[in-house]
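I've put the structures underneath this note.
Consider the two complexes below, in which chain A is the common component and chain B and chain C are the respective partners.
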Partner chain A sequence: MAQYYPGTSQVADNRRKFLNPDKKLEKLREISDEDVVKVLGHRAPGEEYKSVHPPLDEMDEPDDIVRELVEPIDGAKAGDRIRYIQFTDSMYFAPAHPFIRSRAYLNRYRGVDAGTLSGRQIVEARERDLEKLSKELLETEFFDPARSGIRGKTVHGHSLRLDEDGMMFDMLRRQVLNKSTGKVESVKDQIGRELDEPVVLGEPLDEKTLRNKTTIYRVDGEAYKDDKDAVEVLHHIHVSRSQGGFCPE
Partner chain B sequence: MANKKFIKALNKKFKEAPEDKTTTYYTYGGWTQSERKTEFVNAGKEVAKKRGIPQYSPDVGTPLGQRALMPYQASSTDTYVEGDDFHFVNNAAIQQMWDDIRRTVIVGLNTAHNVIEKRLGMEVTPETIMEYLETVNHAMPGAAVVQEHMVETHPSLVADSYVKIFTGDDELADEIDKSFVLDINKEFPADQAKALKAEVGDKVWQIVRIPTIVSRVCDGGTTSRWSAMQIGMSMISAYNQCAGEGATGDFAYASKHAEVIHMGSYLPVRRARAENEPGGVAFGFLADMSQATRTDPDDPVKSSLEVVAMGAALYDQIWLGSYMSGGVGFTQYATAAYTDNVLDDFSYYGKEYVEDKFGLCKAPNNMDTVLDVGSEVAFYGLEQYEEYPALLETQFGGSQRASVVSAAAGIATAFATGNAQTGLSAWYLAMYLHKEQHARLGFYGYDLQDQCGASNVFSIRADEGLPLEMRGPNYPNYAMNVGHQGEYAGIAQSAHSARGDAFAFNPLVKISFADKNLSFDFSKVRAEFAKGALREFQPDGERSLIIPAK
Partner chain C sequence: MDIEVFPHRVLGADTTEKLLNGIECIEDVKRTVIQGPRLPPEDPNENPRYVERRKITVNGKEIELKVKTGRIFIEISNESTIDEVKGICNEYLPFGFDINIGKYIRTQKTVSDNIKYGDADIPDEFVGMTDQSAKLADRLTIIEKNKKDQ
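Let's look at the complex of A and B:
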């Protein structure tokens, strides 16, 4: 049986939930396909997908055992471009965090390329597949409208104090809290181009819910050092890697 | 620690208390909140007007200054400056630090003396040595000694070029004019002087500084060539040699190859750099260039972090940032290691933990100590970012935090064991802990060397398993990752600081930078950087003499 993450804490449990593709993630909001396309900013809603090669069926590809073994994803079959969605996750109890996203994506989605940094996490895929997974990422507990940001460039905010309205800092102010509705709206696409109409992302999760769902260890939440099992496994990894280099046999 | 060393800086940076989790954004007036950016804007307008091509304008691109553009405290000083002031282009002290390293070569006189005595049957005495030193101090800055009708350099432009000697032979040193001698007894505490003199023995070494202006116009590889040429000519002159006799070839060979210690080794052709370029400066050499071990021998944290600061500027800002990458952003990463007393706080915490639990250098030099001290200090550091949101905002990049936390873990562990290799192991352990605690680390590079690094700490394979002191920026996997190399050099130093060693790797390098004639004071690295940031540092190699007066 796959072991997704060690530890006895709630954070460890949450990490296991994200990482295990058999676990269905809780759907927290509804965002239409059209709104997902708007936020991504790669094509206009209703616009045809751009192609970078003919559909695979029309290409005279050489025989190859790998082609027989691996079923292409839909976007590859159609010849779609490779596009991206990138998130910034606030260290103040955002639900998902960069390495959890990357590990989860690679377990849950086929045909994706994940990149991990401290202040952003990108996933690239064929465009129609990207839109499908983006919808899931935005609608489920991967995302909180206030503490998670959809940011193609100028990403910074993950480590900054929260704004007085509880929103994560974004120098391009793509997601704003509409005080009259209490809901967060995307007023720009992920790269920072203004949208004709805001896309409603829903209400921010309350602090208690965030702390229950988060995958970051913090001393004012659950401290990593107190999750003895998790730390023990990490120590074991460090010792094993060190000894492996010392005496590879 | 009860008295957090970074709190003062946090209070200066932000109007809110360091513990506050919220603030107000988008109200700061953009770049106008910054004195330095405002100065840049005005200067940029002048430049544009004069040359007819647009220049600096922060309104191009992203809207700078939507949050507080905070000042930075140079660690261990009371100086607060803007981040821009630590960019090496804006900081004459950082420039001179590198200039002084690049223009230095250590050359033995011993082979040359052997040739004179054993091949030519002539006598070498303190008097002949002094005559040679007087000659070489005329020639080294760029003057002629053998031929007439020669072009020479203006003394005021090359005032920083000279040759000094040192030896472990006190009697010989006493007989040479003081102006030519770097007196080990005078510059180092007695126990360190004794250790260093024992390493040097009765050998005589020259510290050669070629002119700053020469190494700037040419490159680090020029240093030993310029030096050797002037040494050869001076030998011929001082010892009345025939310019064509075989012995002169021996002088040239000795001063170009046989008895030459470059500050940086030659890099592989794929990196295409000569000797005395930053990529070849071994961590142990950099550690020895720093002089806080002799001025603050009882403060191992300070002497370790002075090395970190030097390395952050040289390896990150200059080498990786500009030679290798060409970007201007590396300064932001690198300065985290020498600003706001953050690494200082974490490292002093580690030192206290080690002293309380084991005593410096008293812990077993094994993996149990790595896991114990490395984890303790990493957890402490990470928790500071969680307890003080202003600190997290100060070191807002994961790469900054990863380097600072791991450096503290590595330094503290080396304090415990007195061995840099176990310190290095704790560095990698701290990287793993950080990555799992916060589910993020640094930029992509941290997924490379910090995930595979543990495997080469104790490797028995020749190249991979080098002691940390012998590794350098061109070590496999270290070649393109900001926020590491200065810290590695600091960890290399920390083991020796805790042991009270007189030097980390090369005693000759340590002695050569205990030199009051250098305009950059290598015993006060961070204070000198601060001086540079305040525009109070007077560098060498200026050319105002030969340009129109303003």
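Let's look at the complex of A and C:
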């Protein structure tokens, strides 16, 4: 059985939940396909997918055992462009964070390329597959409208204090809390181009729920040092790596 | 002596305006600096609904708010003023704040200042009010009535 993450804390449990592809993630909100396309900003809703090569069926590819073994994903079959979605997760108890995102994506989705940075996480895939996975990421526990941001550029904000209304700082103000409805609206696409109509991303989760769902260890939440099992495994890895690196035999 | 007001959330323009008005009313406050992440420059194509950079009015003087307020440094001379500042903060910052005592605003000219201003006679109160890459005129507002700067 795969061992996804050590530890006995709630945070460790949440991490395992994201990493294990057999676990179904809770759906928290409904966002239409069209809205996902708008937020991504790669094509206009209803527009044809642009392609970078003819469909694989029409291409004369050399014989290769791997090509026969691996079933191409839909976007690759059609020859779609590679597009991306990028997230920033606040350090204030966001549900996901870059490393967990990358590991979870690679466990859960085929044909994706995940890139991890300290404050942001990008995933690239063929356009139509990306739209499918983006919808899942936005609708499920991966995302909280206030503490996570869909940011293709100008990502700064994950380590800053939250705004007065509980939103993560965003210089471009892409996600805005609508005070009259209490819901967060995406008024711009992920790189900051204004949308004709705001896309409603739903209500922000309350503090208690976020603390239950977070995958971030924090001294004012669940401290890493209190999770004895996780620390023990980390020590074991640290010692093995140090000794193995010092004198690999 | 200086104090630093460190709100637990980053403040928007409205709260900053109220808070600064409260603080500037205190007789003992000499200089005030607001610090935080910068807001994007004015863009004529930007929809005004989503623009956060705006002018605030502090003691009747208009100031263009260029940052989202993360910290406020205040120069005072009496320790008793801290309680007054605390009272004002309690009113406008319901999410919590810290007040730290220390040295936050520079009082001596640095080498960079000497290169920047040369032999020009800069009043002591202007020293340390901006970072060295910015022009004083862009950042400094003198509130005449109470002889306070921001």
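Methods note: the second predicted complex is superposed on the first by the 249 of 249 C-alpha atoms of A that agree within 3 Å, B and C clash if a C-alpha of one lies under 4 Å from a C-alpha of the other, contacts with A are read in each partner's own complex, and residues count from 1 in each chain.
The definition used in the following text is that a contact is a pair of C-beta atoms (placed from the backbone, for glycine too) under 8 Å apart; a residue touches a chain by one contact, two chains touch by 3 or more.
Bear in mind that the values here come from a model prediction, so they are computed numbers and not experimental data.
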So, after the overlay on chain A, do chain B and chain C clash or fit? They clash
Practice prompt. Go through the superposed model and pick first if A:Leu160 touches only chain B, second if only chain C, both, or neither.
Written response: both
### Message
By the touch definition at the top of the document, which applies to A:Gly245: first (chain B), second (chain C), both, or neither?
### Response
first
Q) First (chain B), second (chain C), both or neither: which does A:Ala44 touch? A) neither
In this superposition, the partner of chain A with more touched residues, chain B or chain C, is B
Exercise. Considering only touches as defined above, state whether A:Val70 meets chain B (first), chain C (second), both or neither.
Key: neither
*asked:* Looking at A:Thr215, would you say it contacts chain B, chain C, both, or neither? Reply first, second, both or neither.
replied: first
Tell me the contact category for A:Glu194 with respect to chain B and chain C: first, second, both or neither. second
(message) After the superposition on A, what does A:Leu172 contact: first (chain B), second (chain C), both or neither?
(response) both
Check: First (chain B), second (chain C), both or neither: which does A:Leu56 touch?
Finding: neither
Where chain B and chain C land on the same part of chain A: residues 156, 160-164, 166, 169, 171-173
Counting only contacts in the complex, chain B reaches chain A at residues 16, 20-26, 62-63, 66-67, 367, 370-371, 375, 379, 382-383, 385-387, 389-390, 392-393, 395-399, 401-402, 425, 428-429, 432-433, 435-444, 447, 452, 454-460, 464
In the complex, chain A touches chain B at residues 15, 91-92, 97-100, 115-119, 154, 156, 158-164, 166, 169, 171-173, 215-220, 223-225, 230-231, 234-235, 237-239, 241-247
Touching chain A in the complex, chain C uses residues 7-12, 15, 37-40, 47, 49-50, 52, 68, 70, 95
The residues of chain A that touch chain C in their complex are 156-157, 160-166, 169, 171-173, 176, 187-188, 194
